[in-house]
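One structure coming up, written as structure tokens, with questions to follow.
Per-chain residue numbering starts at 1, and chain names A, B, C, D, E and F are given in the order in which the chains are listed.
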Amino acid sequence: MLKEPFILKMSGHAFDDEELLLSHARLIKELWNDGHKMIVVTGGGSLARRYINIARKAGANESLLDSIGISVSRLNALLLASILSDIAHVVIPSNLEETFKAWTTGRLVIVGGFQPGQSTATVALLVAEYLGFKHVVDCANIDAVYTSDPKVDPNARRIDRISTSELINMLRSKTVAGTYDLLDPWALSIAKRSSITIYIINCSSPNNLVSFVKQGLNAGTIITPT
Amino acid sequence: MLKEPFILKMSGHAFDDEELLLSHARLIKELWNDGHKMIVVTGGGSLARRYINIARKAGANESLLDSIGISVSRLNALLLASILSDIAHVVIPSNLEETFKAWTTGRLVIVGGFQPGQSTATVALLVAEYLGFKHVVDCANIDAVYTSDPKVDPNARRIDRISTSELINMLRSKTVAGTYDLLDPWALSIAKRSSITIYIINCSSPNNLVSFVKQGLNAGTIITPT
Amino acid sequence: MLKEPFILKMSGHAFDDEELLLSHARLIKELWNDGHKMIVVTGGGSLARRYINIARKAGANESLLDSIGISVSRLNALLLASILSDIAHVVIPSNLEETFKAWTTGRLVIVGGFQPGQSTATVALLVAEYLGFKHVVDCANIDAVYTSDPKVDPNARRIDRISTSELINMLRSKTVAGTYDLLDPWALSIAKRSSITIYIINCSSPNNLVSFVKQGLNAGTIITPT
Amino acid sequence: MLKEPFILKMSGHAFDDEELLLSHARLIKELWNDGHKMIVVTGGGSLARRYINIARKAGANESLLDSIGISVSRLNALLLASILSDIAHVVIPSNLEETFKAWTTGRLVIVGGFQPGQSTATVALLVAEYLGFKHVVDCANIDAVYTSDPKVDPNARRIDRISTSELINMLRSKTVAGTYDLLDPWALSIAKRSSITIYIINCSSPNNLVSFVKQGLNAGTIITPT
Amino acid sequence: MLKEPFILKMSGHAFDDEELLLSHARLIKELWNDGHKMIVVTGGGSLARRYINIARKAGANESLLDSIGISVSRLNALLLASILSDIAHVVIPSNLEETFKAWTTGRLVIVGGFQPGQSTATVALLVAEYLGFKHVVDCANIDAVYTSDPKVDPNARRIDRISTSELINMLRSKTVAGTYDLLDPWALSIAKRSSITIYIINCSSPNNLVSFVKQGLNAGTIITPT
Amino acid sequence: MLKEPFILKMSGHAFDDEELLLSHARLIKELWNDGHKMIVVTGGGSLARRYINIARKAGANESLLDSIGISVSRLNALLLASILSDIAHVVIPSNLEETFKAWTTGRLVIVGGFQPGQSTATVALLVAEYLGFKHVVDCANIDAVYTSDPKVDPNARRIDRISTSELINMLRSKTVAGTYDLLDPWALSIAKRSSITIYIINCSSPNNLVSFVKQGLNAGTIITPT
């Protein structure tokens, strides 16, 4: 059960499916009204990929491609804030300082990306670290981290608990599957240096989020800072 | 032929078709490099409608729905600026004052929407007025304004030239078709008070834009301020 | 009686008469301290007209003339905030997003105009819509909307209640007097789309404001969204 | 003759008289188009005094009274920029950093006040110092600094040239008249530390400004940094 | 005993000694948690002097030298805010308006300098005046204001209480020692016009601060507004 | 010889030694006036370490420690801009968008850090990528990258040229010395994805910088994108 404030990272995937998005919005509101304080970080999803592909074909540089992805993730943040406008800070912060100010208002803060060259996973960890939060809930569309891709490898083993250091090593040696969209070494190194625990939750079924936050159930993989 | 700086309003339609968008980008660059100075105003298109529909179903207020549309139009502006990054101001202005500052740099400025409660057509006219431009080229996906919907009414008459006052009256009495997405009374009243001429150009074929700007050919409808 | 938060639109007229202004300030404070939450939108008044006239003679464009009017309305907002500094947000917001942030502080927020091309009546409706307020109190220097100008036409009829749609039609056909400075079609169309009720209150006598807000008495004309 | 960039301080007095203002605007434009680069700092004049008086009666604190004066001086700056919009930076900077950015655009920059607790004379000197200008032209409504008030004292002596140090001493001992609205010790101490020369020019007759800048004639009092 | 909100001016001196700084931080937190509301204004200290000296040798203008000092004082403010991050507003305001907004959050606000040409003592008074505070506690590294330098003059007399007017006169005639780093005429004139009392407290021993704020003991010199 | 615009990364080390700093400033100015366009990114140096240590002892979180380092690097940027104020953009940008705007002015732009969680090396690469620069000159206080620490290992081999991929691998396996302060995997991954070449230049002797930029001589290690 999470009693302290946490970051909820919602992958862009959630914005590709209208029903899934509305379910998530409903559950976030339920958690909020039950007193669970959080900041939501939204990804860009397939829309970001579509726009980035167009710009890449036209020769845009990588930094601007990232800017486009950020712009989509912020659009997603605004969409969610609009749906939750009775509890949300409807102005979307665009950096850590604005996020701090929004957080002081006591409203539900929702942010997208901040800057080229970093994933929204990294944004989630940076916000947690800046505000002193110790928990990041990664609402993903997989059920856990595996030792290899379970779709391919019959020996793939589901990982229940792993340290950030071990996971960084596994990512480097590419012996771990399914984390590409979830976590990158930079995000993990921030978790490590600031003792932040990351929980991978399978949000294909949104109720997992509620049962995890309220009762501590159904975590896929717990990534511990040590 | 347009020798003075002008506003190029690109409907969101152009962003629904990748090939059309890249063609437009190429032609804008060609015009710019030929010395035609302009500011581009982009719309939101079908993506804006999709996102707005999701938020509307979830009960978001009209102001936030407009904010979502603005966010999409600004995403479109950033996409176009990324494609044209060698000539464009890649930071997208979000109000008239920022647009002025961007314009002083001598780079191609691209903006989306500014504020809830106004169309991108109105933004196009507001920018023209603020900077003292006298021409707005409305790059549309129809060939002209008609007296009624030509798809329905065999007596529909294509209008080559009309004054803003007459068009405002026609819009009020709903005897004119095809302008809904193009122009609204507020945009027209700004054109009128500041003597700005609006040119409807059929950009389904992007070359129309070039032949209009370079040679004054192929205007669909000219809306004159008096 | 107004129990929900509302917008109080103060015409610039109130700033032309020092005694009237101080009376209004006193009553706003009384209402605020009685728990009536509101955002005040101030107009430009005769000072705006004087400054605009000078710039017009010198050939300034309409957009800059509007900017001058906005600057005066913001000066008026600052004057009122200074008088009410123990309850007011003394930094004057200049757009919807800043207004939202100021509103989250729990202080009395006072704004002037935002952008060229829109009246302060429109600003009042835009702020109401953005924040989800359903009531705009238009503190005017007439007692009601009439079917024609009562100073000229002995058959002029005072309107107690009218829908936004009907009023828009009357404004278009120019059969209604006295609304020119109060309301414009754009403001009314926002009221309509977002179900906001507008109350015309005669504030030449400031106590009307208090009796209206506290007891629901003395409304001049009620403009209903449907 | 002034060949280097200079600050032109226009007292708020110039904004109390429409004809005088338009004359000044015409001459500033003439100087600018002749290649004389300058930044204009505008005061608040009688309008500032009127607004400040209202707020003072209502008990506003001194800081907010100054804020009101700043707001009026910025309104005056916008009025002048609107009149000169073909050469001016129509967005009015509100601090030194924004003034620097505006100056890099090559347009005529016009500012009002910046911050409570400082006169527009001080703003003029601060801008000069920040940008490395060595000349401040104080366009006043008196012809020179005098040893005492010439309207009262038949022995009053007109001062043609004085050092900042001497003038500071005279101001402290109150043996000098007519500088109250012109200069204060803080402004003079900045002139002194940064070797900036201040020229008092009688702008009741605007041509004095042109003959001073173009030919070095008609300076009332020259205040030298040493 | 100070029950109302006050400004705590910490001289840059406190940042030259790590132990002293941490003691101050601890005591500020203790006072804050006891319900004493304050805004802290930090100076630049010896680090500011070192950086300014380098730039001065290289010919930087006085305004930029001041900017460097401001930058150091803001760095010091951030250092203190980081140490006190559980109660502090960790985003450092850079002008009066941002300070107001930070103050509305209810957190401990810490600021450095604002603008070239003014001391941090002046900033302390400007913030007090803007927010309506009536007390400035000047946490200094001397025990009081003296009639002359007690290290040099055996007849130096310690001043327990003095009015701002008298102190301004003494500063002008240079008959008072030890105030150079504490107070300047501009800061004092703001105290005078807004009836703000300044308390010089010897913070070489940090407990003096606590005994002064909690019990009204150990003030060195009280500078009264009249 | 570098003819295209480049990033000059100055380690904080240069700010620890006044003479070295002034030499660098002189040479940067010489290069600039010879037509070599660049953006300078400054580090924090020993001052950053000192301040961070104080905050760390007091328990500040890692994000705020990084913020303190950024604040020092920005102070260093301002110091350098003040020394070079006749060619520099004296307002220091704090993110990529502000850097773009500053760059459009044609002045020498100097930036420090941007955001917690990233090194100034990463900032250097991010700015290069955003603006489309293809060269980063890393002005370091070592002469090259070595296979191991030459002070310890007699078999240490100096590396003249290495690819970003190889260097990332070496960094991971810790078989390379002396890069800790220079480069991190994130910075290198940006260089790789955007084909940016990094040149390690020994700036303990500042003339190396000039001979490298003007004649292509004296590069320590060249890190190629492929």
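The criterion applied here is as follows: contacts are C-beta pairs under 8 Å (C-beta built on N, C-alpha and C of every residue); 3 or more make two chains touch, one makes a residue touch a chain.
These numbers were taken from a predicted model, which means no experiment stands behind them.
When the C-beta pairs in contact are tallied for B-D and for B-C, the bigger tally goes to B-C.
The chain pair from D-F, B-C or A-B that repeats the A-E interface, sharing more than half of its contact pairs by residue number, is D-F.
Averaging C-alpha coordinates per chain places the centre of chain B 55 Å away from that of chain E. In this assembly, the C-alpha centroid of chain D lies 31 Å from the C-alpha centroid of chain E.
If you average the Cα atoms of chain A and of chain C, the two centres end up 43 Å apart. Once the centre of each chain is set as its mean CA position, chain E and chain F turn out to be 36 Å apart. The set of chain A residues that touch two or more partner chains comprises 61, 64, 85, 90, 101, 105, 130, 132.
In the complex of the two chains, the chain A residues touching chain E come out as 97, 100-101, 104-105, 130, 132. Interface residues of chain A, counted against chain F in their complex, comprise 61-64, 95-96, 114-118, 122, 125-126, 129-130, 132, 172, 185-186, 190, 193-194.
Of all residues in chain C, only 85-86, 89-91, 101, 105-107 touch chain E in the complex they form.
Contact residues on chain A toward chain B in their complex (touch as defined above): 18, 21-22, 25, 47, 51, 54-55, 57-61, 64-65, 67-68, 71-72, 74-75, 78-79, 81-83, 85, 90.
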